[in-house]
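Each in structure tokens, the structures are laid out below.
There are two complexes below, and they share subunit A, which is joined by subunit B in the first and by subunit C in the second.
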Partner chain A sequence: MAKKRTTKKRTTSKGPGPAVRSTDKATLARIDKLADKVVRTSLAKKDPNLVIPSRSLSNTSYNKSKRILQMGSATSDRPLFDLKTARKFMQTVLLSSGVKDLVGAGKTLSLRGMYYMSLHTIQGTKEKTLNDQTESDAVLEDLEVMLGSLREELHVFAKKRGTMIGNITIIDNGDEINCRKMGTGGYAIPSICEDSVIQFKNCEADFVLHVEKDTVWQRFNEDRFWEKHNCILTEGSGQPPRGVRRMLRRLNEELGLPVYCLLDCDPWGHYIYSVIKQGSIALAYESQRMAIPDAKFMGIRAIDYERCGLSDDVQIALNDRDITRAKQIADYPWFANKKPWQLEIKKMLSNGFKMEVESLITKDISYVTEVYVPERLDAQDWLD
Partner chain B sequence: MAKKRTTKKRTTSKGPGPAVRSTDKATLARIDKLADKVVRTSLAKKDPNLVIPSRSLSNTSYNKSKRILQMGSATSDRPLFDLKTARKFMQTVLLSSGVKDLVGAGKTLSLRGMYYMSLHTIQGTKEKTLNDQTESDAVLEDLEVMLGSLREELHVFAKKRGTMIGNITIIDNGDEINCRKMGTGGYAIPSICEDSVIQFKNCEADFVLHVEKDTVWQRFNEDRFWEKHNCILTEGSGQPPRGVRRMLRRLNEELGLPVYCLLDCDPWGHYIYSVIKQGSIALAYESQRMAIPDAKFMGIRAIDYERCGLSDDVQIALNDRDITRAKQIADYPWFANKKPWQLEIKKMLSNGFKMEVESLITKDISYVTEVYVPERLDAQDWLD
Partner chain C sequence: MAKKKTTKRKAATAESMAASQREISVSEFFAKNRHLLGFDNPRKALLTAVKEAVDNALDACEEGGILPDILVEIRALPESGDDRFLVVIQDNGPGIVRKQIENIFGKLLYGSKFHRLKMSRGQQGIGISAAGMYGLITTGKPVRIISKTSPKKPAHEVILKMDTSKNRADVVQDTEHPEDDGLFAEGHGTRVEIELVGKYFIGNRSVDEYVQLTAIANPHGRFEFLSPPTNAKPEGERIVYERSVGELPDLPEEIKPHPHGIELGTLIGMLERTSQNQLGGFFSHEFCRVGPKIAQDVTKQAGLTTRSWVKNISHAEAEKLYKGLTAAKVMGPPTNCLSPMGVRTMLKGLESGLNPDFIAASSRAASVYRGRPFVIEAGIAFGGNLPGDDQAKVYRFANRVPLQYQQSACSSFKAVIETAWKNYGLQQPRGGLPVGSLVVMIHMASVWVPFTSESKEAIADYDEIRKEMRLALQECGRKLGTYLRKRKRMQRQGQRRGVFTRYIGEISKACHEITGTDQQELYDVLLAQAESKTAEFDEVLDEEGKVVKDTDRLAKDDGVFIRQATAPQNDADYPDSPPSSNGSDLPPVDDFDAPTTNLFGEADEPKPKRKTKKKIAKKVKKKTKRSSTKASR
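Now for the complex of A and B:
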């Protein structure tokens, strides 16, 4: 029954991927400016230098009014004529050039791909431009902050995870995707969710429910929760990757949809919420484009053990590492002054156990979709 | 801009998920038969016993004519009145009952969900039915072989991964999914790809190209390879999960599409191919429904270093573990008698290095989609 292979030499109507758009032009202009400065300095017979905004923890702070993590103004120099920084200077210019080619060609590459693209032996030596991918990854983070462009705007992406379904139609690279008709599988959220690739078309949803795990998402999809409760349903397979965070942020910011998070009652669940809400401490510069300060934590709550009448079957003892992490998270500036969060973490610690979302299955297979979440929504009962 | 939450109490047209279909009826009948036997034995005042086909390695063999892994006829007893097996007997009956409820309700659950569903304290004791999820996972594997039903037919699934795009329209739980119009994200391949959930509608594709990583898949999708070469493009994010394997198998078996695999040139890539082709040694009983004996290994080949004129940038040294694994794989019965595979592994070992698919980026961003794979397809150059 196998058919003969036929190669169609047709011209594609869409070109080789996202074309050079206005955001791409802005990115290219910033790279040109960076390169110009190096050239001008050299021609003026001065020492070329790159100024890199510092990504250290000490240069990260919580902006209370904007309610996001922010980088301070500290910078570090990366002069060419210094044995300590010469190699990094070369790598920074090399990766800038690679990004320029990539954006110019309207193509995207993975972090791994960028490593290979920039890897070669320096002429006349036996030295490689890069020892391993950690070097190119770090330089790409430098480039993000130097250029003021998200990595996605540099056309570089990481592994994708996460799926979406619900009352929304989106346009993805010209294709219309009706997320109400995506079966059991769903739409795979891409790594790059910038508006140059993804546009929102029709959305009747009232909110977004983001769940931690794809297995829980499956329960909600199977019970057609998104249809009954008029929402969008997303999952990030644990800590959501940047594509999912950017999608959630855009749904919140551009469509005004509240984002409710259903995560485990454990320090990992609290940390996932913290990253969705305020951003990652290690990558503070992305927060202004990724964080959702209004995101709500719906559960699982430490009081649910009593409130939902759960049996001791669901208890997973907190270990020493959990306890340490829980106390660290309680001290995060955005939780430290919030009494409900202090009580939540205190209650979990006094319980002495964690609980997973799946533990609600001990009540009934569909308890979480038919009782737990609807009750929280009706009572507007969540942590902020 | 946030809208007020409105809960729609509409009746869904599709019911609560996959309805009880003919395969489900067959599964239910098998569970009833199992339970009947236990009851009849008890009423006859004989000792109840469950007979479990043995999943041990010694009971696994390679069927040369069918070209798949197969289980032998060895079984083990699981009597109720034996201290060594009483607990497992109880768990087996308990999980059977859980599966019956699940299938009867037309719902599905994750392995984790099945654990919680079956977990309780045995009346009048302090003993739990299950100590941890490994116990319920093992019993579910027993049930698969006892009932002769795939885990998916028991409505139980594991974490999903993997995406698909290309010249095919499928029906997923009643929704029509045009895989030609799935943007940059793609259709997320569900955990359960049985024909009770997924049906194929229109397919013009000539073959399936399965790539190891989502980041490589992204390159092929962006270059619209599936459109130019009239194919379906899948990825499994490493070792493909059962959903992806079952989807590939059905595309091969029901639509007669050849499956070409583009994987890394390393023992892990060879092992992924081996599992796609013959099945997993640890779970031989699934092979007859999952394995694709005709699947081809397109590359990366050890000769590609010279053939494609790659630089030493792409070399990743084989470590001791790689060398041991490579020799083990060379000894697999389905590779042992194939000279091309023996030469392939020998060449990799004499190279002394591995190569990733992404290493082709050192030639050009789109070398893999524009040169490498088209050349292999035209020359029908692959390993079998």
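Now for the complex of A and C:
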């Protein structure tokens, strides 16, 4: 299914002009339909209501055969004549109108730009349509699921985050970019990584190593790890944004590269891995094209404290929130019946502390690039 | 020393003692103990003097079937001293016949009200003569009374000086004063002038407050008050409380003692004084609610018959009769001896006196303490011009007379405190008065109000009385609670509407931009919907300020007044108001179209009226019709 869609897209990407317009047409039609429904119910003197697919854990299910998170069919109502939802209703309609303008004009805006585009004071009051960007961000996510359109299709992008370097050449909006020659900074992964924007040209890498944050990535880059091990090195600044996730997925799916993750040994690191592998709860509708069910968790492992002989100083005590979160993660259905993972979380809890990837620096500055990761790769030692 | 003295002491003999023993006149007793009558200090004395005179004037007017028109004037007499005042009380009552003047104004414990069982303001016959006595003691000036009994007879001026040792008055001067006829426009009335030492204050427990409270409790009277000059008002002030109810309260009937209300000594005294010869006649004539069957039972129990001779009853037999009487199951005393204010009068009085947003009133059915019937009435006024965020004020009345002193000793005050006001949406600190812009009014009407002292300041604490008070307060409280909840709900609806309408503009604009729909049309449709969703908010905007929806309990309640949105009040608000209830300003019907202000002070566009003026006029008529049927019920 997923495969089919990408192939289709790739064919359309050959003629970018009319193809973009046809997806845009569909988006515009969907927005029209949404507004039209509001108008028709209003004129029929019925309560205007917006039905939004629910983006909660309870409406997220783990598809065992596809090994990804999927959104269920539950919806939530957003009636106009309800104090709790009236404002949100207004914002939704307002942003729909904004998106329509944007798509109609064939331009793209950042989330921040969308916020400003729909921001004004309501006539006759001192109230603003939007209090801050978080409000418009949330409404835009609602719009995505309501319209069944991706954020890219709404011509909205997020601030770019995440970096890439390695044995690959890509075409970004027509510009050829050689990721082997990106210096110390690396290639900034854009927010929109669809094949209409980015195409892979020449890839020699054998695998992708994704690390949690920029500091670790710098270590690997300085040690020219990607050159020695012939790989692509990515980083997602914590929870990877959609652009990074889409890029990883495409590298995995289109080029068949395995993805290994080097993350902190704490509940947040575990969840980052979970998001890369199965998709996130909030964006479960995007799992189809973002999740990498074959991604592997390389470390840091709870046993590394003993295995690598780390000093006491690297321990960061687990606080109450960490413990609750760890237990929550252990209970997620996609972790629940994986014994190694249950043991891993159990071990971390019994340790009573978490560890960052940087803790390996206590052994040696380049311990992580020269010993730790190569050893894991050789031993094929990872969690799935 | 002590020993020396005892030896020196000359023992008094019975004879020598007898020489100095003599009768003490009541007036002498009260002259020494004037605090018992409310003349403890100059400030209170001034109030008490006014109060006693006004009470008498009101009683006289009502008995004479005249709508009271009372003038209270306190004139400062700076030439005689800073603390000298002349108190003038004038009424339009039937006047006093010449030969009774010195008895009424000069004798303590003289009056028509003490011996009968009938509700009236005065009880003991002490008040006005005590005021005159106080004036005489403090200033040496006699009391001046001008009375006119009929248009044909000239006014009569009598100047009285009280002789405390003999408890009677000496007439200093007695002249006909045809030139004073002008004082009495209606051809009859009484004017009393007392010069006394006093102190004039305003505020709590002042004469001003007394007049205001009296006007609240007696809306059938017109009160005019001329105050002495104060620092704030060097010219003095003229305050007039116009009459707002055009009919006199029902005249109470006199009743006979109730068998449960007497004591043994009283019974023996009654047996001695009765004109009846036989026991049966004695019981049926001297008591109320004692029929032949009960008389038979009681006499039988005492080993007598209804034909036994009253003269032959021994003390032991009397005691048996007394026991039988107190044990007998008899009906409660008749209540026609009481003239409670009634819900409508209370509403009127509180409304014109305080101008609140909401009033609830309740008048309990008659009840009995110690064989004496009484009625408790309560009223609650809320909001409007009343000061907020303060403790509630308790207005206490006994037989329509305001009680201003000794609040915490009064059973009505205790009843207010022990009522759980929190249940009705008000704050109440533990063991205290409720807090809010609230006035609580309690009225006890009885043939004999059990005061804690002669100065009539606090009602004694009988369980029966306190219970009735509590029930009356709870009844009002529930209505207030309903009103407050309703008001809150309306406020919420108003806010909801505000929210909805605010967003509707944005929504219709956005929809217009997306689909090209007519923006104005969509806006109007949505606005209509928003208004119907918050329809409750509109209820207050109806002509009468009442909720017209049939399902609303408060709207149908006659014991409730809610200030209407339109400014002027008129009798159409009162379902059971008589047609000619007041000669005062009935606003022209056109006023209904005046712009309205709703409860929250937001000015509202004048709403299109559903009823034409004609219909409103019709409605008033219909309502008055209903009132007459109600009255006959």
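Brief remarks on what is shown
In the analysis below, the second predicted complex is superposed on the first by the 274 of 384 C-alpha atoms of A that agree within 3 Å, B and C clash if a C-alpha of one lies under 4 Å from a C-alpha of the other, contacts with A are read in each partner's own complex, and residues count from 1 in each chain.
Going forward, contacts are C-beta pairs under 8 Å (C-beta built on N, C-alpha and C of every residue); 3 or more make two chains touch, one makes a residue touch a chain.
None of these values were measured; they are calculated from a predicted model.
With both structures placed on the common chain, the touch criterion links A:Lys201 to neither subunit B nor subunit C. Of the two partner chains, neither subunit B nor subunit C is touched by A:Lys66.
Look at A:Leu109: by the touch rule set out above, it reaches subunit B but stays clear of subunit C. Of the two partners subunit B and subunit C, more residues of subunit A are touched by B.
By the touch criterion stated above, A:Lys159 is placed in contact with subunit B alone, subunit C being left untouched. In the superposition on chain A, A:Arg219 contacts subunit B only, with no contact to subunit C.
Of all the residues in subunit A, the ones that touch subunit C in their complex are 31-32, 34-36, 38-39, 42-43, 45, 47-48, 80-81, 83, 86-87, 89-90, 93-94, 96-97, 100-101, 122-125, 127, 129. Touching subunit A in their complex are the following residues of subunit B: 1-10, 12, 14, 16-17, 102, 105, 107-110, 112-113, 116-117, 119-121, 128, 157, 159-161, 163, 170-177, 181-192, 197-198, 206-207, 213-216, 218-219, 222-224, 227-230, 237, 255-258, 311-314, 356, 358-359, 361-362, 365-366, 374, 377-378.
Chain contact summary for the complex, subunit C toward subunit A: residues 496, 499-500, 502-507, 509-511, 513-515, 517, 521-522, 525-526, 528-530, 533.
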